[in-house]
Amino acid sequence: MTDNIAIFITGGTLDKVHDTKTEGLIFDPKRKSRVSAILRQGRSRAVRQEVLFQIDSLDMTDDHREEIYQAVINAPEDHIIITHGTGTMELSAQYLDGKVENKTVILTGAMRPQSLGRSDAGFNLGGAMIAVQTLPAGVYGIMNGQVFEAQTLHKNTETGRFDD
Amino acid sequence: MTDNIAIFITGGTLDKVHDTKTEGLIFDPKRKSRVSAILRQGRSRAVRQEVLFQIDSLDMTDDHREEIYQAVINAPEDHIIITHGTGTMELSAQYLDGKVENKTVILTGAMRPQSLGRSDAGFNLGGAMIAVQTLPAGVYGIMNGQVFEAQTLHKNTETGRFDD
Amino acid sequence: MTDNIAIFITGGTLDKVHDTKTEGLIFDPKRKSRVSAILRQGRSRAVRQEVLFQIDSLDMTDDHREEIYQAVINAPEDHIIITHGTGTMELSAQYLDGKVENKTVILTGAMRPQSLGRSDAGFNLGGAMIAVQTLPAGVYGIMNGQVFEAQTLHKNTETGRFDD
Amino acid sequence: MTDNIAIFITGGTLDKVHDTKTEGLIFDPKRKSRVSAILRQGRSRAVRQEVLFQIDSLDMTDDHREEIYQAVINAPEDHIIITHGTGTMELSAQYLDGKVENKTVILTGAMRPQSLGRSDAGFNLGGAMIAVQTLPAGVYGIMNGQVFEAQTLHKNTETGRFDD
């Protein structure tokens, strides 16, 4: 069943790394993603992964969302996971919602970068892997061990959580 | 929805810790589980957790499996996760299969203890949290980012993986 | 011998933590330090620790350095470790050098925060603990497994290392 | 100065890794050591490393100790670190003590394997790197942030610590 799954990577906190020189959190200069390391740690079967771009989701525009949309509908796979920053995950979910037929599309991400340890990235991606195989066609967010439909996905910036 | 989820803890690799004195891997002498730490790292909503026992699944007998079964059917929750050693996970799944009506029961575990770092425990438990909310009533195993029905759950001791 | 050792904490990269809300690296709002966790992980004997302040060493002024100096000379201990940001560690070493008699003063820090994992903090602090017990009175920096006298301590901002 | 340092690796807890199949702690089948990873994390300058053998120190015989001794006296370097299991570290220190002239020899190790995370290996090896450069010729143990002369090195098996 895993032959029919693809992961599109768009950046977000999940993929940030510590930069010794600037003392800040940045994306890998070569756009390399941590997603494959997360899958390997989870001993997950390999699935196709493609880095669309590596940006902070607060910098994401509708041009970026259109690029995600094109990647989703043109993919040969019917089960799509999108790693995404939490800041505007709900906007991308709404952008895709209703436009994609016959595919299960899961957005997920992390509140703490995978590279810093003690991250929620593995828990969320493990959930997304199951969600993409068990949920009917549609657009969903998987965060905090919960399933959110596109229209109910909402980050509570006070608590730093997605709540229903 | 998380009000309707319970986790029963039975031990297995997931919960082992390094013992400095004997240099081996043991269970916490007070039977304390790492499950709550995994959920916290995943920023998951709290769910009810109960330690039934903490044993290596190779030491599990049908008496233990009956105890798990009783816990499952007597639980007020309809969505049950059981953390379990990988060695005999399939035997417990088969023991429960067909006996539990109207409940979704998920067995999961890990190949590397959570306490040792770089473990698959978070990935698997994150998957189990989603599976228990999305799968219809029945008994399943969640490992490696895959869903296995009770009768197809099988550990390949050569590869150290669950394969279909 | 450890009764005669004190650690003064001044901040720097070593003590930074990831802030989920701002996505940046900050000091603990309550100025709590990671130094005690590092010592515990190293199974080191407890030594007296005191947080003087928690700042980025690029923000350090001579007023801060005077505060460090006063703490050093007023301490009952003769063996003093100062955790310090790497950016201006050499300036503080030079400020103290020649002013402190009959005490061994060691500056150390880290290039990657201890809280992010895979940090050099433990290696450096382990070295500082030994240096403070084995070196004669004077002011030194301990970084990269090397001993630097105050006048030769110098961070190479290109390589992110202290080289002689 | 680091050109004149060598590390001889003999195994011990420091170098053990978790084996998924047997669920136990073993040495890497190819005798690969974690010492280089510890030095890299500490951003230490590279020093010559040589694996003499990889064994539990409780299995160490005087033949092994003679092999260590020959390695020490034949090394071109005058500053020698030996990584060693904690169980019989004191016996090896006493074996070498008085036989090696004009060299500083440091034994060190760990109570928790480096590969399991939250290990004391980095703290101890960071201390050993400084000790080997600052202590006069002789044989010493570095554990818990303390310096022990060969004749006073003693593991307290009750506390799992080296105490004076």
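All chains are identified by letter, namely A, B, C and D, in their written order; residue positions are counted from 1 within each chain.
Here is the rule we use: a residue touches a chain if its C-beta (ideal position, glycine included) is under 8 Å from a C-beta of that chain, and two chains touch if they have at least 3 such contacts.
Keep in mind it's a predicted model, so treat the numbers as computed, not measured.
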Number of steps on the shortest touching-chain route linking chain A and chain D: 2
Set of chains adjacent to chain A and to chain C: none
Interface residue overlap between copies chain A and chain B, same or different (over half shared): same
Chain of greatest Cα-centre distance to chain D: A
Centre distance in Å when chain A and chain B are each reduced to the mean of their C-alpha atoms: 26
Inter-centroid spacing, chain C versus chain B (mean Cα positions, whole Å): 44
Whole-Å separation of chain centres (CA-atom averages), chain B against chain D: 39
Residue list for chain C, restricted to those that touch at least two other chains: 111, 117-118, 160
Graph class of chain-chain contacts, one of line, ring, star, complete, other: ring
Complete list of chain pairs which touch one another: A-B, A-C, B-D, C-D
Contacting residues of chain B [partner chain D, same complex]: 13, 16, 18, 20-21, 23-25, 56, 111-113, 115-118, 157, 160
Touch list for chain A against partner chain B, complex: 1-2, 38-39, 41-45, 111, 117-120, 122-131, 133-135, 142-147, 160-161
